[in-house]
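Following are the structures in question.
Here chain A shows up in two complexes: once beside chain B, once beside chain C.
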Partner chain A sequence: MADTSMQIAAPASPWVVRVRSGLSVARRVPKIPTAVLLVLMIFAIFGQWIAPHSPVAVDMANSFAPPVWHEEGTASNLLGTDKLGRDIFSRLIRGARVSLSLSLFVIALGGGVGVAVGLISGYAGGKLDAVLQRGIEVILAMPTILVALVFVFAVGRSFESVILILSPFLAARFARIVRGETLSVRERDFVAIAKVIGTPTWMILLRHILPNVFNTIIVLATLEVGHLILLESSLSFLGVGVPPPQPAWGLMVADGREFLTSAYWITLFPGLCILAAVLSLNLFGDWLRDTLDPRRRQL
Partner chain B sequence: MVKYIGFRIFQALLGLWFIATLVFILSRSIGDPAEVFTARNSGVDAREIMAAKLGLDRPVHEQYLKFLGQLVRLDLGDSVSNGIPVTQILVERMPATFTLGLVALIFALALSLPLGILGAVYRDSAIDWIAKVLAFLGQSMPPFWSGIMLIILFAVVWEMLPPAGKGGWQSYILPGFTLGWGVMAGMVRLVRSSMMDVLDSDYVAMARAKGLPEAVVIGKHALRNALLPVLTYSSLVLGAFMNGSVVVEQVFAWPGIGTSAVQSVVRRDFPVIQGVVIVFGSFFILINLLVDIMYAVIDPRIKYTN
Partner chain C sequence: MADQLLEVEGLAKHFRGGGNWLTSGGDVIRAVDGVSFSVEEGETFALVGESGCGKTTVAKMILLLERPSGGTISFQGTDVSRFRGSGLREYKRLVQAVFQDPYSSLNPRMQVLDIIGEPLRVHQRMHGRNLRMRVGELLENVGLNPVTASFFPHQFSGGQRQRIAIARALALRPRLIVLDEPVSGLDVSIRAQILNLLVDLQRDLGLSYLLISHDLAIVEHMSHRVGVMYVGKMMELATRDEFYGNTLHPYSNALLASVPNPDPDIPMGEAIGGEVASPINPPTGCRFHTRCPIYMETSMCRDVEPDWREILSEHLTACHKVEPALV
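And then the complex of A and B:
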């Protein structure tokens, strides 16, 4: 442990300690999940310069081309093409952007609202807390996929409508956990002192309580991105997610279903992408939780 | 406790009302409701008949009360694609969804109990790792994709099991496993951690000190106490199955409620979707209610005072 060696050695200046502990945390980062997530992020951000083809360019003459390791495969279409001759690899790269950006929007919107509701509910207590909690329980008791199915049916299929319908469910999950944390932070001495010297409530929430629940929020957000990617791909698979020709991974799996025996690659690779992304996020989130927030092992 | 149970029932009714109202608002806010409730290419006549039937010339609050009144009498309207009452469609399809959920629960328990127990007893052993890997995979794999991959392996390549549809007992294996795998992850973790808590307890140490054989200590003293949270979780899992069944039924062409929900989206058959959401939502709320009541009755440590 770094702590014991610190006690024996001459006291180091604070920034040295900080750099050392930062380095020792960085060394323990789970390597494979972090690498997978970095690659996906690079795909999502710089995809248009990496992808060999346009993800939506149709080339009927080149439909159902197999991956490069098959005899008829070519290096031009590394992972083969689909029934319209679109390049699977390029579509996967664009799919990373669709999945990640959608999840981040939902985290920002739903997570932001959820954190605010959780802070207020936990800090205020009393009737306001009771009302907010009942509302959250109702949302958590609804079957997500079905409600999303109806909603998208009603307002039409678009990137925005998927964000709008997934956000309340995420907000409810965030609010419940942030409220629980707020309840315990609220009782600490520094909050009582801040109250005594007349700090306005909003400032107590932002300066004293939020920083103390921040680790929990970060861990929860990481784990929820994985959950959201699964939900989004399920909706895409059912035909109520991001509309075509945008290449969402779930939609690509659905596209390949008719050709399972003749062209397995259309279905196999997008599924592997979802698996790799969600698995890495879960492993990374677990590690983050153990590092930042060891009390919440059950999260 | 009676007060608490009464409050929970009130809360459940509130949830039901909320879902019904949400469906009502959605159905009335998306363009002309007469068009929403009729088939896509129906003529002016059909729309006028539907408008009269829905009472669209009446004020909104009267329409709303009429809608709630019909719900209470379990009248969910007729399907616009084949004219069959929605209640009848749902009652016909309910058993398929329910048995699939039951099979999935059996799969999940049959896998997670031994893996979780052995993982807790032999910590960090090979079996503990296998359990972890299976759990992480189940948690991270999209069920629609793992279902398809299982079809390729077991139905197409090895030709051991039917690829889709509901038939003999063999047809339950693939969809049941696909649905169960997703919740197995949480269950393994729960069995393992609650078993570890119990194994560290004083009464297990006492049983060991008495010189009882290890099998008796684990099987009789530890397991019984570790199973309580698992049983509670199992009942909550039924709710997760309803979410999953929409996707899994679609993959395996299973003739259940989930499939009819997706089909009706494709056909723009609003009364059926509305019915499915109300039925699934009610079921979800009912399960949560029963679990909470069960908790209050079984566990005397929990005190419910406001």
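And then the complex of A and C:
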């Protein structure tokens, strides 16, 4: 019986398998994106000890100092200074915390709620689904910036209020996409079999549906980080983002906009940071998606 | 007659097609329209018919995946729709299913241990060492190596996947397994192995099967009794030997004639023409009259729905042209 004879090498003990697969996973991690993300995380966590200057120290005598490779550049301000003479390099390092933690909080809060709503909406169907979807459409139809303006004027400008106002918009985007995926997964036979077995609904959602929509969630989350950093910058530009003088990358890009021709470094370096962060997160997300998929994972 | 395990009485399922809450509903699709049969302890009851005749809908209603529009399903003498709480749990323990497509019926994200372990976790809160041992045992029962418990579904062939699905169905020591086209998705070379495995398991564990199939060769090999469905109605019901030896209904005859014979010297039977009638607007009178080879322009076949009659002992059919031998 060709069907029953499995081609199996000598059965390795579980821990051998685990160590071996752990090593191979580590070997396949995308090196550059992971390194970039690690550096950014170190900046975000230990920034205050790494940054050579205070990110908010104003030095008007030294404003618009160019980066070190220009003739007038000094080693003290590696990447130059902005219009108030604040050190760009230090602000970038400290800004990593604001930009990344803002995105993380919004992804965790909005994404978490959105995934839950999407799963329930897609799985339950019927009236509940219709009600939830209309609610999501209402949120998606609202102009983010305008709503944020009103909200921030009402509750005051702070890091927390930016998180609170961006989360529902993110939740709506997650809910919509997760619902669509859930609709297709719930029709698969293994879900029907789970119902036949009598598996409780919460367990069907967590063990059968969620793992099969996880790819989408990972990809969406990594994409949304970039989107959120940009949104934060728009809000900052309008004066309702993270309150200055806290450094945030988006805010820095906005600050330098009017000096683009004379002092490009104020805008360029935070822009590059956003690019590096978003690109690395996307590449890392791709790898994570492949690693989480048993079909693509080769031991 | 052995003890009845499952009894289906006048079962019906009408789907409302088309419209939504804005347009006040479309046509009614009579997928299943009054079907009665029973499955006895330790036997295989086969439900056969062309695709679209409602076999799978019957299975879904028995598995509580669809709510019947009419009729009753009784399990061990109790109406299934009355089951609540522990009764419902017990029913879900005793009735399991194996579906056609082993690629869709196993969650690709789960290890075999978790797939086969799911019913054990849900019903018996089994975990750790006990769970691993029981899953290993079940894998051996279906002819797979227990080492494969840590594998994922994509590492198996179709036949092996179907064995995993069978192991999962066996985990809770059920009484009845609904087999919905269990080998249709498999290579012909693998089918016999899976069918023999099912027969062996039935013998060893005293299982009852409700076998849903369109393949009359498989039905002859596996079943004890056969029911033929056409457009939501039962056409004929008999023991296997009666059915294959003394077919009464012209539709059953047509089905049997369409089975290819491996001997080229035996001429192919007369195949019937036409398409399966639509369950949205089924023919009046006998549903089969539009394709029936023995239909004659009698108003009887066209206008009067034939009674479901016992023609011989344990041999029922619905056809005006068949004369009852029983008095």
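Keep in mind that, in the parts below, the second predicted complex is superposed on the first by the 203 of 299 C-alpha atoms of A that agree within 3 Å, B and C clash if a C-alpha of one lies under 4 Å from a C-alpha of the other, contacts with A are read in each partner's own complex, and residues count from 1 in each chain.
Here, a residue touches a chain if its C-beta (ideal position, glycine included) is under 8 Å from a C-beta of that chain, and two chains touch if they have at least 3 such contacts.
Note that the coordinates shown come from a computational prediction; the quantities given were computed from them, not determined experimentally.
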item	value
Partner contacting more residues of chain A (chain B vs chain C)	B
Partner chain in contact with A:260 - chain B first, chain C second, else both or neither	first
First, second, both or neither for A:237, with chain B first and chain C second	first
Partner chain in contact with A:190 - chain B first, chain C second, else both or neither	second
Touching partner for A:70 - first (chain B), second (chain C), both, neither	neither
First, second, both or neither for A:155, with chain B first and chain C second	first
Chain B versus chain C as contact partner of A:28, first or second or both or neither	neither
Chain B versus chain C as contact partner of A:198, first or second or both or neither	second
Shared contact residues on chain A - chain B and chain C	none
Residues of chain B defined as touching chain A within the complex	11, 14-15, 18-19, 22-23, 26-27, 29-30, 136-137, 139-146, 148-149, 151-152, 156, 193, 239, 242-243, 246-247, 250, 261-262, 265-266, 268, 270, 273-274, 276-277, 280-281, 284-285, 288
Of chain C, residues touching chain A in the complex	63-65, 88-89, 92-93, 95-97, 99, 101, 104-110, 114, 118-119, 122-123, 143-145, 147-148, 150, 152, 154, 157, 159-160, 163, 165, 168, 172, 190, 193
Touch list for chain A against partner chain C, complex	1, 3-4, 6, 8, 11, 14, 17, 188-190, 192-200, 203, 207-208, 211-212, 214, 293-295
Residue ranges of chain A touching chain B (in the complex, touch as defined)	134, 137-138, 141-147, 149-151, 153-155, 226, 230, 233-234, 237-240, 250, 253-254, 257, 260-261, 264, 267-268, 270-271, 274-275, 278-279, 282-283, 297-298
